[in-house]
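For clarity, chains are labelled A, B and C in written order, and residue numbers in each chain start from 1.
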Amino acid sequence: MSENRKRTNMVPFPSDAIIPERDLGTRPVLDARHLGVEFGGLKAVDDFNMIIGRTEIAGLIGPNGAGKTTIFNLITKVYQPTTGTILIDGKDTHNMNTIQVNRAGIARTFQNIRLFDKMSVEDNVKIGLHNRMRYSAASGVLRLPNYWKKEKLMHEKALELLSIFDMQDMADVTAGSLPYGAQRRLEIVRALATDPKLLLLDEPAAGMNPHETEELMENIIKIRDTFQIAIMLIEHDMNLVMGICEGIAVLNYGSIIAKGTPEQIQSNPLVIEAYLGKQKEAK
Amino acid sequence: MSFLSNLINGISLGSIYAIIALGYTMVYGIAKMLNFAHGDVIMVGAYISFYATQHWGLTPLLSVVVAMAVCTVLGIVIEKLAYKPLRSATSLAVLITAIGVSYLLQNLALLIWGSNPKNFVSIVQLGKISLFNGELIISDVAIVTVLCCIVIMVALTWFTSKTKMGRAMRAVSEDKGAAQLMGVNVNQTISVTFAIGSALAAVAGILLCSSSPVLMPTTGSMPGIKAFTAAVFGGIGSLPGAMLGGILLGVIEIFGKSYISTDLGDAIVFAILIIILLVKPTGLLGKKVNEKV
Amino acid sequence: MKRKISKTFLNNAFTYLLVIVAFVVIMTMQNAGKLTFSFKNQLVPACVFIVMAVSLNLVVGISGELSLGHAGFMCVGAFSGSITIAVLNGVVTDPTLRLVIGLIVGAAFAALTGVIVGVPVLRLRGDYLAIVTLAFGEIIRNILNCLYVSLDEAGLHFGFNNPALPGKMIVNGPMGVKNDAKLATFVMGFALVLFTLIVVLNLINSRSGRAMMALRDNRIAAESVGISATKYKLMAFVVSAALAGMAGALYGANIGTVTSKEFIFDKSILVLVYVVFGGIGNIWGSIISAALLTTLPELLRSFPEFKENRMLIFAIVLILVMLITNSSMVKGWIARIKALFSKKEEAPKEAAAAEEPETEEGGTEE
C-alpha cells in the first residue's frame, strides 16, 4: 500500500484502462489503484483499479449494492479509502479532503439530488463558481469595485452555463421548486461550474422519461466536446450506458468483474450472469 | 479525611446526575433529540414531592410515587404535544422547541408555585453515619442516592435486555424505519421512553433537593445541562455510559470546587464537556455513527 | 441585459427603510416631547437587542447552526468596552469618540473570543454544537466573574480571584464593572443598528454569504463544489460574535453597573426567542421582533399581567411558532382549515400550496 503511494507520475498499466487499446497519454485524469474500503470489517470495495483518459466517457454499472456510489464517495473523499491510491491528473490525493479533491478537478452529482433548495437556480450555479471567481469577504461587505466586477462576471458565467441545458430563463426560480428532471440538470451545471477535469454523474437519468433521457445523452456528449473533460457515470438505464459510454466497467460485490467496450460487455458471459441476465428477465 | 468525604459527596452528586443522564441518554438514543426540558421535569418532580409531604400530608415514600406518576404523565404529554409533530423536522427546530418547553415549565412553575425558594425537607430521615470519631460523616441521603442509582441502573439494564418493550427500544434506537417495518410501534416506544425518563427525573429531583434543599423554578435547569454533559461524557445512547459519566462528573465537580475554585465549579464541568466532544465525541462508551451519502 | 428587480434587493431596501423610518419617527416624537421617560429608557436596550438578534440570526438563520452562547460574547464586549471607556476617561474628551473606541475594542475582544471558541467547536454539528456554545458562554461568564481590574498611573492591573490591586478598581469580580459616565445615546444605538445591517446584509448577499447558505442547505453538496465548511461557519460565527460584542459594549455604556450574572444563558435564549419570532433567516423580522419584544412590557404598562407573565407567553408562542413552521402534521391541519374557509375559491389549490410553501410558479417541464 505504501509502496503504491510512492509511484506517482508513472506510466499507467494499460491493463487498468477500461479499453486497453485506447491511448490514454502519460497522465490520465483519474488513476485509481488497488482501491479498497472496509466498513466495520465488511469490504465494500476491494482492489478497484481504473484509469480514465482526458476526454473519455466511462460507465460504471452493476447490480444494486455493488458499491458504485461508494467508488464515487472514495474518489471524492467523502470516505477515506482503507487501501490504495487515487491520482487526479497525476496528483496524489492521499492527504486531500472533499474540498481539495474538487479543486484538483473532480466534480460530481448525487444519486439523491442535493441542491441548495431554498436558493435560486442562479445562486446554485454561482456557488459552483465559488473558487473560480473570488473576492474577499471584506470587499463583499464594503461593496468594493472588485465585488461588482466579479459578481457581474459570475452572473454572466452562470447564465452561460445554464444555457447548456436551456435553463437560463429559470435563473430566478427557487431550486427546490424545479421539476425533477430540471433539478438533475441543475446539479450537472453546478458541478460544471467548478471547472472540473472529470465529472462524476451518479444516476443522471434516474426519474427521467425516455424523451428526457434522450436529451440528456446528447447533452452529456455536448458537455464532453465543449469542455473537453472526462465523464464517468453510474447508470441503470442500459440504453444510455450502451449509447454514450466508450468504456464500461462492471462492478459486483465491490470488485470489477469485467471491463471493455459496450459490445464486449454485452457479450461477456460473466456480466450477463451477474447483471444483464437478471435485467433481461425482469424486462 | 476531607478527600474521602469529597469523594463520597462527589459520588452522591454524580449518582443524581447519572439518574438524570439515564433519561437524557434514553431519549437521545431513541428519539434522536436533545430534550432540553428534561431538567425542568426534575424541578416539577421535586415540587410535587414537596407539596405532597408538606401540604397534603403524604408519607415521603408515597410522595415519591405521586411525583413519579405526575412526571410520567407530564413527559408523555410533552412528547405528544410538542415533539411528536416535529418527528421529521430539522434538529434545529426540535431543539428550539425543546428550549421553549423548558421555559414553559419554568414559567408555569413560577406562576403556580411562586418565585420564593422553598425549603425542601429531605425525604430521607435516617440519621448520619459518623466514622473515625466524627472525622468522616456520611449523610443518609448520600447513601440512599447511591443505592437508588444502582437499583435503577440494574432495573433498566434488565428492562432493555429482557423485556419485549426493551427490545423494541433498542430496535428503534438502531433503525427507526426498520423497526417500524418489523412491526414495532415506534410512537408507543418513544412514549414509553419519555415516560421512563420522566419518572426517573422525578426521583432525581427529589434526591437532588433532599441533599441541597433550595427549590426554585430554575432548580432543574443547571443539573439538567450538567446531566446532559454526563450523558455525552459516557457516550450518548449508552446506559452504562450515562452512569459512568454521571458519577465521574459529580466527583470532578466536587473536587474542582474544593481544590480549584468554588466559583469555577461549573466552568470545570463545562470544560470537560467541550474537551470530550472535541477529543472523543462518541464519549467513553459510545458508538460511532456514519452519515449516509 | 434587462433584469427585473430582484427579491433580495426589495427585501434589503425594505429593511433599511424600516429602520430609518422608525428612527425618524422616534426622533420627531422625542423632540416634540411626546415620549415618556420610561419609554426613552427602552430605546438603547431595544437597539442593543436588535443588534444581538440580527447577529445571532447570521449564525442560526444563515449559517444554520444553533448557538446558545451569544450572551457570552455580549458579556465580553460589555466588559472590554467598559474597561476601555474607563481607561480613556480624561484621555479622550469627546464622549462619542470614547464610546466608538469602546465599541471597537468590545468587538475586537468578542471576535477574538469567537475565534477561540469557534475553531474547536464548529467541527461539531447540531445538538452538540448548541450545547457546547452554551457551555462556552457559561465558562466565559464564570471567568469574568472572577476578574479584577484596577487602574493607576502605572496602567492597568489584572487579578484573577484576587481583589487586592493598587489604584482605582474598574472591574470588581462578581460586583462587575462600574461605569462613571453613561455614554450611550439613542443616536449611537441607531448608528450601531445601521452598521450591523450593512455588515450582515452585504455579507449575506455576497460570495461568502452564499457559501454559508449553501453549507446550511446541504453541507455535503457544498463541500463537493469546493466550499470549506470550516472557513465559512467560522466567518459567520466570528462576525456574529464581533457584532454581539459591540452590542454588549453599548449595553455596558448604557447602565451604571455591568455584572457577569446578567449574561447567563437565559439571555442567549431570550435573543434566540427574538430570532425565532422574527423568522429564522429573516433579518427585518429579527429587527421588528427584537424592538417590539424589548419595548412591549413598557408599551403595555396598563397590563401589568403581561410584564409578569412575559416569559410564559414567549415560551408558548415559541413552541407554537416552531410547530406551525416546522411540523408537516400541523401544516396539514392548517391547509385543511384554509381549504374549509376558502371552499368557494379553489380549495384544492390552496391545500397544495400550503403543503409546499416554497413552491413558486415557473420552471415547468418542456
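Keep this in mind: a residue touches a chain if its C-beta (ideal position, glycine included) is under 8 Å from a C-beta of that chain, and two chains touch if they have at least 3 such contacts.
Owing to the predicted nature of the structure, the values given are computational and were not obtained by experimental measurement.
Innermost chain of the displayed assembly, by C-alpha centre distance to the whole-protein C-alpha centre, is C. Placing every chain at the mean of its C-alpha atoms, the farthest one from chain A is found to be B. Averaged Cα coordinates give chain A a centre that lies 41 Å from the centre of chain C. Taking each chain's centre as the mean of its C-alpha atoms, chain B lies 31 Å from chain C. Chain B has its Cα centroid 48 Å from the Cα centroid of chain A. Among the residues of chain C, those touching two or more other chains are numbered 220.
Chain A has residues 78, 110 in contact with two or more other chains. The multi-chain contact residues of chain B, meaning those touching 2 or more other chains, are 293. Those residues of chain C that touch chain B in the complex are listed here as 60, 64, 66, 120-121, 123-124, 126-128, 130-132, 134-136, 138-139, 142-143, 145-146, 161, 174, 220, 269, 272, 276, 280, 309, 311-312, 314-316, 318-319, 322-323, 325-330.
Every residue of chain C that touches chain A in the complex is listed here, in rising order: 4, 6-7, 198-199, 202-203, 206-211, 213-214, 217-218, 220-228, 235, 356, 358-360, 362-366.
Here chain A touches chain C in the complex through residues 76, 78, 97-99, 102-103, 107-108, 110, 114-119, 121, 123, 126-128, 130-131, 133-135, 137, 140-143, 147, 150-151, 154, 166, 170, 172-174, 176-179, 181-182, 190-191, 193-194, going by the rule given at the top. By the touch criterion given at the top, residues 33-34, 82, 84-86, 88-93, 95-97, 99-101, 103-104, 106-108, 110-111, 225, 228-229, 232, 261, 263-264, 266-267, 270-271, 273-274, 277-278, 281, 291, 293 of chain B touch chain C in their complex.
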